[in-house]
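Several structures are given next for inspection.
First chain A sits with chain B, and in the next complex the same chain sits with chain C.
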Partner chain A sequence: MIWRSVDLRRTALRTLLQLQLNMAASTFCPVLLPLSRINCKLNGIYTLISLNKTAAYSTGLSVKKTGAKTGLPQRGGKELRRQIKQVLQPRTERMAVDQDWTAVYPTAASFKADAVPLPVRMGYPVKKGVPPSKKGNLELLKIPNFLHLTPNAIKKQCEALKPFCTEWPAALDSDEKCEKHFPIQVQKKDYVFAGPSLRHPDARIVTLTVKLSSLNLDDHARKKMIKLSGERYNKDTDTLTITADSCPLKQQNHDYAMYMLTVLYHESWKIEAWEKEKTRADMEEYVWEDSPSQKNILETLLRIRPLSEQQEEGEVREELLGREEVQEYKDSVTKLKNEGETEGNMQQYKEAVKKLLSI
Partner chain B sequence: MAASFSSQRRLLTTLCSQLNGALWLNSGVRSIHSTAVCNKNRAARIRVGKGDRPMTYEEALPPHQIAHRKGWLSHHTSNLNGEHGTADRTVEDAFIRRFIYGTFHRCLANELVIKRRGNMLIISALMFQKMPPRKYYFFIGYTEELLSHFYKCPVKMEIQTVEEKVVYKYL
Partner chain C sequence: MFIFLLIEIFSRSVPQACHTDLHAGQYYTLPTAQLRTLFPHGLPYRFQMQIKTFNEACVMVRQPALELISYLKKADYSRPALRYILYGETGCGKTMSLCHALHFCATQGWMVLHIPDAHLWVKNCRELLPSSSRPGRLDQPLQASLWLKNFKTTNDRFLSKIKTTQRYVWTKRETTEEGRPLGELVDQGVARVKSSSDVVGALLRELRLQAGGAAEGAFRLAVAVDGVNALWGRTTLKKEDKSEVLPEELTLVHNLRKMLRNDWSGGAILTTLSHTGSLYKPRSAYLPMELLGEEGFDTMDPFVPVPVSSYTEKEFESCYLYYMDRHWLQHPHSQTEEGKKELIFLSNRNPSILERLCATL
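Let's look at the complex of A and B:
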């Protein structure tokens, strides 16, 4: 059966009119042949099938039904043909320059060659060729695209979120104020990941950080707290970090961390009976009183100035300790032991020794 | 491989020397020689032929070009360091590929692209215009419904159609 070209056109138009043309454009982006080419394929049934198929691939514009089923009026024919031609084209042909792009890509979607009006090419070119074009390009489908996140789209989303936001309190305008009013910081993580489950095992971990300077601790309590926390205390930043992950739920771990902090605080204020036995080796920092350095310097000074009979040794020691040079020497030695050897410290020590021995 | 090559070479040299010595002495001797087998890698590679086979980009590039000239067909977070569920997602992917291949019989123009956005499973496919759109819509709905019941998560299909195979090269 050979179909004449006029009959073919009529059948095409009729099939189009009969079809439901309310298809969502975003889910179906075909690549289509123009009508004229179909008429050349005079292959009988094959022609009819291909015509129906290609005619059926429309992009969502509704075409008004004009007139009766039997024949189409000649005056409406041109208009109808123009409308159908529009419908069969890819959407990019009908996009205005100032269109609303958020309507084309309202949410995250894969790249559609017929909806993105850019001449994008992707892929490794063949020899003496160019990268493959966007039509049917799987590489463009594979990659995540951000066509739904144009600045306009983000602005719209921010506007939509604004009614649910509250203002930052005006009184907290500096970091120090934030730390002063909210010294304890609790960090909790939530995880988004691929998979049907909502639960992530690491989401139960809670980290609590607090600066010891913001807690009410005296000297003994502070030292005890540092000893009790061990590795959890960072000397450089003066922060205590408590990580709780032993309970299965986040709320439980949070409660446990707060409980730990409370217990540490109260325990560090208590003075146990066995704390009296603290030896020099347990001291956190170097203390000059009753140290070998003090003994040595006193002996040296006593030897320099021989003891006269009237004065007693104890008094002499007191007097010597009270002297300015000895105090300077004490400061320099304490600094050296606590802070380590630096240029300034060594200089200070040198000066102090020179003054003491009056060199 | 290097060890087997060197052993092969050694064997060859010994063979040659033996042959040279023994060729005119006893030319009727035949013995079995066996070396280590070293096969060529044939995974996902189309061997170059007459030049009449149209190939898509995906088929033409071999798997060692992944991350160089090819992307990945499946995107999900489970392959990252310290993440859980790697094997589950991989098995799901394999099943989905077979399922779609069977459901859309001979309609697939190229491999499936599977993406996971949080909970959601998104299947992007390039198809030929073999069936009328109503059939396509039915199959899409059927797939989405069935797979979302299997995997307990929202499944979305995004289909694009091409008239014929998008040819990159002829091999």
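Let's look at the complex of A and C:
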């Protein structure tokens, strides 16, 4: 620990002296310029300082000049100690609570432990330990951070973009109106890119979203459209998403996406000859008519009360199907099959069966 | 208070048929003599061990069993047989409720056809013989003969009264003529192991035709299948060319499926779904449609589902007091209130988990 503090002090001193020497060299002491090494004795420790002839970077530290005295730094004074202390301290300790954060992180930058005043911990803890702290934490450096996108920063960016925007039309003040007048939404991205060329390859991608409820589709057309779109249809939000990225230009992709939508719409309205062969396994939802469940229940009811000679089978069937208990039973079975099985559905089914078979 | 509750948990004197909602949560004892004839193979394994330990078979009267018994009492037996499916999470007491209902049927003089675990017929079969009577089917001689033996133990008194209606030819030299008592049929199956699966099929057919008849030898038939979801699931059996055996290719399963249809009258079909022992089903599946599958549900439809859940607070109290009464809980901490709360927390009032926990204490 002692060696560490000594090292820190040494580096701090080095930076300070370098700065001052540079400044001194450039302004007041041209004598020192040709010297490449200066041996200094400071606080009993011999330090070797190499003077950089060419680069003289400012570390942003404002080193106060002591009064009217210029030239070589004060040795071992209170001033020096204070300045060293400032360099040693992380920036977080000098941050005010109401500071402007956008000045600390104006652009996307990696995580700097000394510039972020949050006690963040990250990493897998060793046994009987805690996740490591932020000082020198590689995990925090590796992950992307959004410290440059605080609400204030975004507000500032919006304010900067406002002069380039047009006004939002006053008539479109709710989501439903937007949906009603503009059912098809097209998303395109623009990029600012600096590389061998100024064009970003992802700028050609165009995404088209439309709700099927806003299209004019009948039952068959809707089912066919859903089957044709496959993965691109989201059942929960009833949206069809078409992403076009095969052409090199944005305009071409936009045209292609619109063309795909048109083709899907017209094709789903057509009825092909082979669609007649649709089987029960192809059906999207359970239909009770002609299902094994209907057959079972009719058989059971007929066994309970067998046909007499005068009654016709078809008539009896119709009459049985029209009964209220049978309708309730049909509803409960359809609900079970379509909505999945839950305790509530099962209870409903149980009640329906009990009523039907008069238990 | 404690003593009062202790007296309450045993309802030995009340006859089995008169159990009502008032007796819910109380224990009643099965007479040992009846036990051996009625349940040679039906009770869960851990319950059998408990019977051996406590020297008595005490069954708790619970709401699902009472519901089932009330349906059985009220049903009209001239109509097609009603199907009841007991379902619930693992270890909630479906098999025990089924056994309770079967005991009720036996005391009423019914004939009991109990398949203890249908899963045993679709897995771990050493010998699979190609069926002699039908091509494309497979016989399971060992399982069939074992089941016939147990069936005989249960229903001996009926077997001499019921007569066959058809002539059955087993081999060139062995036949069973028309009008012979069923006991002969069963003996044939037990003795000649090779044709036992076909004997089972014939037996089921005879019972189906003759149950609930108007004659004086009439009887009511209770078909009880535990783990009925095995009949429509997959099997782990393989044919000689390593292809999987479908359940309908097994003679036993085929005949049992015919029995579960409601085209016969004069009895009831009581079944349970069981996840333990089921093949290729996820652990969280316990609802009827999940375990039976599409085909099973369509075949069993319409059925009356009876849900079985974990112990209620009253039932848990009753079980705890029973174990205390039998000095089963030896650990000193388990006899305190704290210990009881711990038991509730650890087992979540699930009967089988509670039983296993208490066995370690």
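The definition used in the following text is that the second predicted complex is superposed on the first by the 189 of 359 C-alpha atoms of A that agree within 3 Å, B and C clash if a C-alpha of one lies under 4 Å from a C-alpha of the other, contacts with A are read in each partner's own complex, and residues count from 1 in each chain.
Simple rule for what comes next: a contact is a pair of C-beta atoms (placed from the backbone, for glycine too) under 8 Å apart; a residue touches a chain by one contact, two chains touch by 3 or more.
Keep in mind it's a predicted model, so treat the numbers as computed, not measured.
S.K.: Would you check which partner chain A:314 touches, where first means chain B only, second means chain C only, and both and neither mean what they say?
M.R.: Neither chain B nor chain C is touched by A:314.
S.K.: State whether A:109 touches chain B only (first), chain C only (second), both chains, or neither.
M.R.: first
S.K.: Regarding the shared-chain residue A:119, is it in contact with chain B (first), chain C (second), both, or neither?
M.R.: neither
S.K.: Once the shared chain is lined up, is A:194 touching chain B (first), chain C (second), both, or neither of them?
M.R.: Touch status of A:194: first partner only.
S.K.: Between chain B and chain C, whom does A:296 touch in the aligned arrangement: first, second, both, or neither?
M.R.: Second partner only.
S.K.: Touching A:329, do we find chain B (first), chain C (second), both, or neither?
M.R.: Touch status of A:329: second partner only.
S.K.: Check whether A:341 is in contact with chain B, with chain C, with both or with neither, and answer first, second, both or neither.
M.R.: Touch status of A:341: second partner only.
S.K.: In the superposed arrangement, does chain B or chain C reach more residues of chain A?
M.R.: Touching more residues of chain A than the other partner does is B.
S.K.: Now for A:142: first (chain B), second (chain C), both, or neither, which partner does it touch?
M.R.: Touch partner of A:142: chain B, not chain C.
S.K.: Per the contact definition, I'd like the list of chain B residues that touch chain A in the complex.
M.R.: 56-58, 61, 65, 69-73, 75-78, 83-85, 88-89, 109-111, 113, 115-119, 122, 124, 126, 129-133, 136, 140, 151-153, 158-163, 166, 168-169
S.K.: Sort out for me which residues of chain A touch chain B in the complex.
M.R.: Where chain A meets chain B, its residues are 23, 27-33, 52-54, 56-57, 108-110, 112-114, 123-124, 126, 132, 135-139, 141-144, 192-198, 200-201.
S.K.: Using the touch definition from the top, list the residues of chain A that touch chain C in their complex.
M.R.: For this pair, the touching residues of chain A are 291-293, 296-297, 299-300, 303-304, 329, 333, 336-337, 341-343, 346, 349-350, 353-354, 356-357, 359.
S.K.: In their shared complex, at which residues does chain C touch chain A?
M.R.: 71, 74-75, 79-80, 82, 262-263, 265, 287-290, 298-299, 301-307
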